[in-house]
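In what follows, structures are represented as structure tokens.
Here chain A shows up in two complexes: once beside chain B, once beside chain C.
Up next, the complex of A and B:
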């Protein structure tokens, strides 16, 4: 309509009454039917649990989930958490775990995608093999690595002994100093394929002409990467890093199956700690308060995620 | 111009030979990192319990045996009975979850992609944000909800719960596919007299089959590999799914590494086969939302 109406630069203000929100919603009422089933399911299983957790975090609870006997204690659970020593230990672990896993998985995935971008014999097979760790069950992966780290018969230690790197079989996951790095290696094993897939798809969208033009201008391979490819993929990279960060922050299976947070909390991260508080020690109120704190952190990560996604969309919309 | 580009291309290719070699060495390292654990799992699974516990370890077993697999797959003994039941439970829960997730997600994703109703953005991001919350936050409240619904110790509790993470993912993936189906196709159908629903059913649905396949694989794999809810909601042995079942098994037989590796391998087979067969859809779906073509 507006296109037909005439020359740009002579804006005649169109007098269109913006319909109110309610009438807009009424006009679109049929549209909601499509999303209704999804929204109902989400409300039951998301809104209710979130409300419930916030509520529970202000109560002292008896063990056994006999929750009628809970006692209102205000913010006592929160102050108890923030003043406990374990909290800071676990938080430090979580930061190391999340940052190291995310960055290394991203870099390895990025580099794999670049190396796989060029065609060569066996590329498809290699790509499939590299993705498999991401597909198989985390429980299976945890057991495989636990077995490889075994303090007596583990293959990794045995190879290190045979190569003369160490004198005797190192104890990877029963040692407070090595447990966290060892588990991060497992986690990266499972997650770098995700970054690889995302970047591989991104690489396909980099216009060939740009790279060719850079080459004509005498840019080296590194310069072409750093000044063309890398900035071009910044949107995908941001989304990938955020998704990895959230997944790592939320990881549970790998640390829980391999060490259950031990030895002496050295591999406890937030999630495993909350799980242990709730289902191990039945301190539901404290666990709920932890969950609320976690919720706030994840929400702020989520804010950046949504912003990154919508800025990608905006880029797409404007020609 | 084009001739310059053509003549300079081979020179450029020669100059980056160093990078190509760096890439190859890097890929060799990644292959080792990725494949070694899987190879070691397979090699351990065909050893006897005695052969697995040798120092230094044997790479190739001197007497390879399929005993662990026979034990797990034999319905006559109790280990085999349990394993086959866990396998069946996993299959059942994952299949039903997948069907429900796709059925609910298809209309929702379509609406998010096509319609412009107020609150669309907000609802979509609310759906997306669900995937950012860890399962632990939902464990206690969902457990209480399930108890209230009388679903504790049933597979229904798992299916309902798996929808909480399967659904947002499914909607997100499918929306990516719908976004890439040209709206003009539906408009053309509408002009030819089709209703909006008919256009959806006869034009959009057939075109989105790859997206539906991909979404189904993701839902299936997610449900198949899920551990934490299954470990919390199910207590009866005969209802366990594979990840929890294997964990219980291992906590009772802490030294049967060949058995554990054989079980891990068999638990991985269905999802890896699905992935290898439908790789194309799988990879495309994940990136459709984040990278637009």
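Up next, the complex of A and C:
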């Protein structure tokens, strides 16, 4: 560190010369060595597949040829996808699926967490019951819901008929208009406990003295929530919404097991469609191009996730 | 750009036409079972006339004390199969291990709908098994890509003439054999005589034509409030093409010209008037008359079975094994359900699959084949040839190709019909005569690498587009035909 003199001999503020990147890396070489194994593993299991998928997305893979005999077609796969009617239908399904599942699961989870934060008899039991959908196997849950929704002898329809709500067994999953909402209900049922747990954890960080002070100042329950609890939970809420959104963009098990994307592609979302293109129809190149597009979207969400986390950390670090 | 030059298509067409003709032909050379005399009476007359010693026959291919290792994937039993079949699968592997105690066998069973996806994925990573038993429509796809070794019955001690000529053609690619048939099957129409009677139909007479099926289904539904016909239109499920293609062919339609005596696969016929008539029949049952299960779009045959047993379904297409499945399900029922189930079983009838308006009768010539993989695509990069041939010989032997097809199918090795187990089978498996009588009407799926996609995705999509009202019959047929054209020309999404 050097101290430079300004005009007229006035001393300037000290200028701290930042060492160069390489210099910093050299200084912290031990740290890099510690994380090297993890970086190597990540390069193998993440970076290479990403590179391979991007590379594959520029090739055509006809069913009669092995993958190694693929034909270079440039950006043809991307053009074909973006001009395909099915792509836009599946994209709309994916957006509806992700937005509806994420927001409703979050709101339900938030409400459940607030309710369970209060002390009452049976709280622990109720909390355990509400977590069941999240811990149960997604495959098992999908099969159970498929049978409950069954259009001819599903229990949900039977109960609705018994209660006189409808005249005949409703068609939940064999109808192009009702299948997606029906599957979203299953997804919300599976995911809201996750949001609930996250918010419950966040609620532990809300300072009790602030709430007490607000109560002393005459704030109503709503005011205490809106002005104290809600701002304190904004960080964890953002992270929860982003995690749910990423998980929902990548959903596979529920729609695939229940309907395989049908009927008539009405419940296909991106991942199920990519799976069908790749493993059912061997359009590896097209499936790879689809995956690249999905990767870009999920990475964008990931960027906001990291930003949200960093923002939380800054808030916690600030005096 | 076309993947299939005209010459290749014609050559393949010639091969396939030979298959179709030879399946029905009266002059198959040196065949130990005379297919020209095929009838229920003939099948009865040859049953129990020969004895085979599987260990001795296979011991000549691979010594019984051979020490080796074998990985094996196969299309195994699933929820829609009878317990009897489960028992035979168990006994098969016990017998193989007892016969070849020094072969370390690692077998893995997969369901029909999962096997192709998993096998394709494994091959991409060179992590396939040494031996695989695939559904009949799968072999050509993998042979054409070079994944499979050349393999004919002679390689494991049998004669090609001892297998259904039609089935042998399903393992052929460009004139060479890449597998051996393990079992072959044709289905039949099953109906509930009690439901027929209560609906005012002749309880002992099945619908003669597909138009009759539509009319009977409506009559049953209108009079009794239960589903008439067990339509199946699920995507990615083998059950769908096995039930719709007979209907399509009977009306005179087809994906290509696969139902013709000399198919060339050069012309797509899914949008022909005949194909549309078949599609219209499904539309009439599902949409117009609402006489079939609403759940048909997500159903498999395994979902129809409990409906049938509960007296909620009048007709369905399936194997003879469904009778045994009903017995298994009935054994698990309790109280009044048990009695109801027994009533259904007592009223279960089997008949030939209906014809089209011009009297054409058709059924899918189905089954499975067993293959040996090329070493470079196998986990570890090696194939234990002797152990692989021991397994192939064992499964395709007269004894085990019969036993493993006991309730639901027919032996791939025709000599299986001569064994004592066939005699026993004729006495214990009800309605076996009817399904074996359908064999001469069997039409193989097109022997093209694209066939799995056509049958498991494009055909069910076409049905779903019509049945959900997403498209009209004309639009759905045109859409499906275009998709087939696209994929055979190497394009399409």
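Here is the rule we use: the second predicted complex is superposed on the first by the 294 of 319 C-alpha atoms of A that agree within 3 Å, B and C clash if a C-alpha of one lies under 4 Å from a C-alpha of the other, contacts with A are read in each partner's own complex, and residues count from 1 in each chain.
Here is the rule we use: a residue touches a chain if its C-beta (ideal position, glycine included) is under 8 Å from a C-beta of that chain, and two chains touch if they have at least 3 such contacts.
Only a predicted model underlies this, so the values are computations on that prediction, with no experimental measurement involved.
Trainee: Since both structures carry chain A, what do chain B and chain C do when superposed there: clash or fit?
Mentor: Overlaying the two structures gives a clash between chain B and chain C.
Trainee: Going by the contact rule stated at the top, is it chain B or chain C that touches a larger number of residues on chain A?
Mentor: After superposing on chain A, more of chain A is contacted by B.
Trainee: Does the superposition put A:171 against chain B (first), chain C (second), both, or neither?
Mentor: So A:171 only meets chain C here.
Trainee: Now for A:152: first (chain B), second (chain C), both, or neither, which partner does it touch?
Mentor: A:152 sits against chain B and chain C alike.
Trainee: Quick check for you: in the superposed arrangement, does A:182 touch first (chain B), second (chain C), both or neither?
Mentor: A:182 sits against neither chain B nor chain C.
Trainee: Looking at A:53, would you say it contacts chain B, chain C, both, or neither? Reply first, second, both or neither.
Mentor: The answer is first: A:53 touches chain B but not chain C.
Trainee: For A:279, using the defined touch cut-off, is the partner it touches chain B, chain C, both, or neither? Pick first, second, both or neither.
Mentor: A:279 contacts both chain B and chain C.
Trainee: With both complexes superposed on chain A, which partner does A:264 reach: first (chain B), second (chain C), both or neither?
Mentor: second
Trainee: A:301 contacts which: chain B (first), chain C (second), both, neither?
Mentor: Only chain B; A:301 stays clear of chain C.
Trainee: Taking the superposition on A as described, I'd like to know which of chain B and chain C A:24 touches: first, second, both or neither.
Mentor: first
Trainee: Which chain A residues lie in the overlap of the chain B contact set and the chain C contact set?
Mentor: In chain A, positions 65, 67, 150, 152-153, 169, 279 sit in both the chain B and chain C interfaces.
Trainee: Spell out the part of chain C that touches chain A in their complex, as residue ranges.
Mentor: 3, 117, 120-121, 124, 141, 144-147, 227, 233-236, 293-298, 307, 312, 449-450, 453, 456-457, 460-461, 464-465, 467-471, 487, 490, 493
Trainee: Looking at the complex, which residues from chain A come into contact with chain B?
Mentor: By the definition above, chain A touches chain B via 21, 24-25, 28, 31-35, 37-39, 41-42, 44-46, 48-50, 52-53, 56, 65, 67, 108, 111-112, 114-116, 118, 126, 128-133, 135-141, 143-145, 147-148, 150, 152-153, 155, 158, 161-162, 169, 189, 192, 194, 197-198, 200-202, 204-205, 212, 215-216, 220-222, 236, 239-240, 246, 249-250, 252-253, 257, 271, 274-275, 278-279, 284, 287-288, 291, 294-295, 298-299, 301-302, 305-306, 309, 312, 316.
Trainee: Within their complex, state which residues of chain B touch chain A.
Mentor: Those residues of chain B that touch chain A are 4-5, 8-9, 12, 15-16, 19-20, 23-24, 26-27, 30-31, 33-35, 37-38, 40-41, 44, 52-57, 104-105, 107-108, 110-112, 115-119, 123, 125-145, 160-161, 163-164, 167-168, 171, 221, 224-225, 227-228, 232, 242-243, 246-247, 250, 257, 260-261, 264-265, 267-268, 271-272, 275-276, 279, 283-284, 286-287, 290-293.
Trainee: Touching chain C in the complex: which residues of chain A?
Mentor: Those residues of chain A that touch chain C are 60, 62-67, 80-81, 84, 86-87, 146, 150-153, 169, 171, 173-176, 258-266, 276-277, 279-283, 286.
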